[in-house]
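Next come the structures, one after another.
Each of the next two complexes has chain A plus one more chain, namely chain B in the first and chain C in the second.
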Partner chain A sequence: MSGKSKPKVAVWKFASCDGCQLSLLDCEDELLALTEEIEIANFPEASRAVVKGPYDLSLVEGSITTPDDLSRIQEIRRLSKTLVTIGACATAGGIQALRNFKDIHEFVSIVYASPEFISTLDQSTPISSHIKVDFELRGCPVSKAQLVEVISAYLNQRTPNTPAHSTCVECKRRGTVCVMVAKGTMCLGPVTHAGCDALCPTYNRGCYGCFGPQENPNTISLGDRLREQGADSAEVVRAFRSFNAGAEAFLKESERHEKENQKH
Partner chain B sequence: MKKKTRNIKVDYLARVEGEGALHIKIEDDKVSDVKLKIFEPPRFFEAFLRDRDFREAPDITARICGICPVAYQMSAVHAMENALGVKVDGPLRDLRRLIYCGEWIESHALHIYMLHAPDFLGYEDAIRMAKDHKDIVERGLKLKKTGNEIVALLGGREIHPINVRVGGFYKVFSKNDLEPLKENLKWARDAALETVRWTAKFPFQDFEQDYEFVALNHPTEYPFNEGRLVSSKGLDIDVAEYENYFEEEHVEHSNALHSVLKGGGSYFVGPMARFNLNFDRLSPMARQAAEEAGLKGACRNPFQSIIVRSVEVLYACDEALRILESYEKPERPYIEAEPKEGVGFSCTEAPRGILYHRYKIDGDGKILEAKIVPPTSQNQKTIENDLWNFVPKYMDLPQDKLTWQCEQAIRNYDPCISCATHFLKLDIERT
Partner chain C sequence: MNKPGVIDREGLNRLIQTLIGRGYQVVGPTVRDEAIVYDNVFSIEDLPAGWTDEQEGGTYRLKKRSDDALFGYTLGPHSWKRFLHPPERRLWQAQKDSLDFDIVPEQPDNTKYAFLGMRSCELHAIAIQDKVFIQSPHTDLHYQSLRQNALFVAVNCGQAGNTCFCVSMQTGPKVEAGYDLVLTEILDDSHHSFLIEAGSEAGKNILEEVKAGPAGAGEIKKAEEIVTNTAKQMGRAMETGNIKELLYENLEHPAWGEIAERCLSCANCTMVCPTCFCSTVEDVTDVAGDHAERWQKWDSCFTMDFSSIHGGAVRNSTQSRYRQWMTHKLASWQDQFDTSGCVGCGRCITWCPVGIDLTREVAVIRESTTCQEENFSGSEAQNENS
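Moving on, here comes the complex of A and B:
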């Protein structure tokens, strides 16, 4: 590596729980090796040292929820050669996108005694609503292994290998008995993007959609099936409206059942 | 005559979880303003918990914090069980202590080695520290990993575990399944003891303060999930009485609410509070290590919190091993909890201190009201007070050194801003 400088990596945070960037520090076995290959140029959660941009790779966590963040994300895009969003907040608006369905003023006044001190937008939106994103890594939280894969892929100028099939396929591959068929448990596995290795069914519970919708999910079919199994429309709305409530496929399906709920 | 102003400003506090800033203003060599600004955007958890099902609270509230999701899950399930009149005992209760041990080890090791120790040794971060102290940083990472292994096995994954539910767990494990945790925990217990000895030798600023410490206190155990709320100045209440004694203030410079003792002002939660109020409940090994490090159950210097955190890691390893030794698989993974109208309260000891939850639910199990008070919003006022008292003592330091030390004074509390927003930016202004 003599004479060649290490690629500069930056980590940025918007509205989020810090969990996805923590995944980087949770790479206990890989972290020191990784820092041999990259320069951590801006990662406030881990370091007070800040190296000026531009950056070769930016990892962005969190959703856009404040007026200041609208302009900050534009600046970060300008400073970043490649920009990857990590986690459900950055890729779909996160759990805080539940505000999109309600009156934000009511929300502010429930939590804060002096709502006039709070500056916030009425919608929580994914990063891709505002700038061009080079790759979106799903999950609430992201998978550590996939995060390392994405970093090494971009450093080696190849496409990350993160399978796009459903959680259902992961379950079949693990040989886990289907919780929906065998026990009638509500499960979003058939429409949820892979990435967690079908964790919940192996722990005797249904998938609740941390990784958001897979490509072309048949959410209508699943929504109907959940109803046939006995879930009421409000339950189905809640199921699609959690950590990826703002992802289009989940959003549409939740609205379909909400309308029905209102009819009754 | 024009006043001489000096500002200490940190626009984006590093090595803390979440987004905050510091602004200190010094006029004619007197501190005239201290603001710990929290610009972390608010996410309104208490608002969107309304109308959700009571069973969803542990999964939803976990998302408040990626560093201590287990704490949120524990406070949520205990509050729901309190509302429903369900009592979880025996091995299920032990498993909850065990997963909490895992989170304490993981969270404390992260703070001790990655976030706080670099301040004492003069490095910008642990990665730079590793260039000179590779073995130490590797020890820290392995210690952290040992905690994460417990959470990942019992909870399914390290961040936002999926296995915790009201009434117990979705899946429980046989004694044999848990056996593999033991070997690393035995290593971790030795490493934690080394950590206590290592941190005890750090250079500490002389900064003892008269705090009111608040923590849970249980008759026989070092507290995780149960106990009365007690303070070093005589408070002794049931958790359900919390809101009678504590209140939240909304200040303009912060997206986090400041929590104060009604009529009493600021107080101090977290490892030092637990340690000072529960010293005799520590395991003999942890107590002895603390005494050898010069702490006999009365630590009043927040810069030494790094030693106390290390003692707690040692305790958590010791306690985890004790639980594993006597563990027998529960007959059922959870106790059925039927919805019923009511209000439930809980306080558990998150790595950073007491975490209060209150829920009101209706007869169908729908959440009508939620209130959550995280540890960092309780410490926020104490952190500001520390800075008011700290800066005058060290006023003669050059600007960059004083700024760094102010940052360190904040990091003493391992603040978690993501939690507190509901909650940080540092500028020190000098006139």
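Moving on, here comes the complex of A and C:
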């Protein structure tokens, strides 16, 4: 990039906890190298300064939950050459997509003293439901190594290495003993997109599905197996309804078990 | 020429110390995370004394034995593949200078491994990987280096697991070839000993240093009985007669679709398989673009990327991917490497989260085909024992 101006990179926030933006700040070792190569034009967690657009690369965190979000995301798309969504909120609607299963107006009336000041949508939706997204980076939060990889791939004009296979592949490469087979632990690893390097199973927990569905998720077969291993339908519903509750494969499977739960 | 000897637990410890003394990194069975896995072993204290495992499709449980057997388990999730053909390995690095870039290839790993507690099926699996990595037009120098330096201390299985079927695949349970030393654990109320035999010059040389006592006729007979008895305990069986033709003639069998309803395409079967050898390469750059690396990583025919070519993935459905895996393992492997790709270790059955059992799936296809033949000709089903 020598001799040329550095690409302008902007980070945008929608409905989210800011954890994915913080992952970028957490890239301590690579952060200096990054700032050598890019100009940070907007990064709410790092600085209030905003450089005017257009932007070469926009990283978008969070889901669309308000009428204002709807117009703001269109404007950001208009100003961005390349737009990458980061994290479960931006790619699947996030934990706040749990509202999609209930009546949002009831929540608002219970939670807020003056509900008339609340302007919100009844669904939390991923960014890709509203605009064209060039690349989606999964995770709750995103893996900082993958975030650096995506930026690095962008700067070097190559495809990022973010495999869409199951988390099981990461467990097996690490040599982690399968918690589902060896202990009967409830684990979403077989249907979950890789990226975390099998963090939870390596520490003796089942996978929570933070990276959403893998490329070819057989959630029905896994759901049936979890039931055989002793989980009741309510537990399976909860397993599929977390950070990626709105991702289609997880959504359908949670609804299947919810129906079954209601029958009993 | 290689007379069997006998050692006790202390003798086994001497064997481990002898190997360490000769510069080997000894890897053997240890207990971790409620399973028996292969890891560094420094003395018999590291071995899984008194532990065994119970296995079924999709289930593995570590259990206490009533005795102190050191090799009283069947097989854990790991195979020796992770040492000879590591899950992730850098192939080369490239560094940019002002005009050009330099490529720095990775030097082959010259670690001297001594694998302790290898089972017959595992030795067969390594012989198969040797064909893939060494006796092929494209020798994997890394594998070759590790393989040539490695020393194999095998153990005859004292029990078979519920997912074992080495007898069907003619790969065990008796250790017959490819070993440097082989042990048979003999355990009764009064004593705990190991019959030990050398299978190579290196093994003989080590055995001399370990100083085994002479084996009596009773011990030799007992060791024979142990392995004969294990052969009778196979939890699974697979009819292998004409298996290649059977699968080739049934590529459109409805069983593939039925399996795909259960298959998670999670790739666990391929990762735990001791013969599956596929890998992918990932090219990475640093942020500045001055440094690049190429990494080789275990891959699986169950991923979409695996069959991605110009225009997209060739095998889009789970059905086509499972069929690819099983027909390769049991049929086209024979065309490619002149051997089956399956050694009957049963890991793919145990470690499949939903317990898909290839012995059962082969039987389903075979039975339906036999039924059809009966319907056509009224003749009796052929006995196709190989």
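General observations
One rule holds in what follows: the second predicted complex is superposed on the first by the 261 of 264 C-alpha atoms of A that agree within 3 Å, B and C clash if a C-alpha of one lies under 4 Å from a C-alpha of the other, contacts with A are read in each partner's own complex, and residues count from 1 in each chain.
Rule of thumb we're sticking to: a contact is a pair of C-beta atoms (placed from the backbone, for glycine too) under 8 Å apart; a residue touches a chain by one contact, two chains touch by 3 or more.
Treat the numbers as computed from the prediction; the structure is a model and nothing was measured.
When both complexes are overlaid on chain A, chain B and chain C end up sitting side by side without clashing. Looking at the shared chain after the overlay, A:131 reaches neither chain B nor chain C.
Shared-chain residue A:204: touches chain B and chain C both.
In the superposition on chain A, no contact is made by A:145 with either chain B or chain C. Shared-chain residue A:216: touches chain C; no touch with chain B.
In the superposition on chain A, A:175 makes contact with chain C only, while chain B stays out of contact range.
The partner of chain A that touches more of its residues, comparing chain B with chain C, is B.
Once the two complexes are overlaid on the shared chain, A:108 sits against chain B while remaining clear of chain C. Here chain B and chain C sit at a least CA-CA distance of 11 Å once the structures share a frame through chain A.
Residue overlap on chain A between the chain B contacts of one complex and the chain C contacts of the other covers 204.
Of all residues in chain A, those touching chain B in their complex are 13-23, 25-26, 28-29, 31-32, 35, 40, 44-49, 65-66, 68-69, 94-96, 98-99, 102, 106-108, 110-114, 117-118, 120, 140-141, 144, 196, 199-200, 202-205, 208, 210, 235, 238, 242-243. Of all residues in chain B, those touching chain A in their complex are 12-19, 39-48, 50, 52-53, 56, 59-60, 63-67, 69, 110, 114-115, 124-128, 130, 134, 137-138, 141-142, 144-145, 148, 156-160, 162-163, 165, 170-171, 248-252, 255, 257, 333, 404, 407, 416, 418, 422. Across the complex, chain A meets chain C through its residues 1, 30, 33-34, 36-37, 148-149, 151-153, 155-156, 158, 161, 163-166, 168-169, 172-178, 180-184, 187, 189-191, 204, 214-216, 218, 220-222, 224-225.
Residues 32-35, 37, 58-62, 77-78, 82, 87-88, 261-268, 271-272, 282-289, 297-298, 300, 302-305, 318, 350-351, 353-354 of chain C are the ones that touch chain A when the two sit in their complex.
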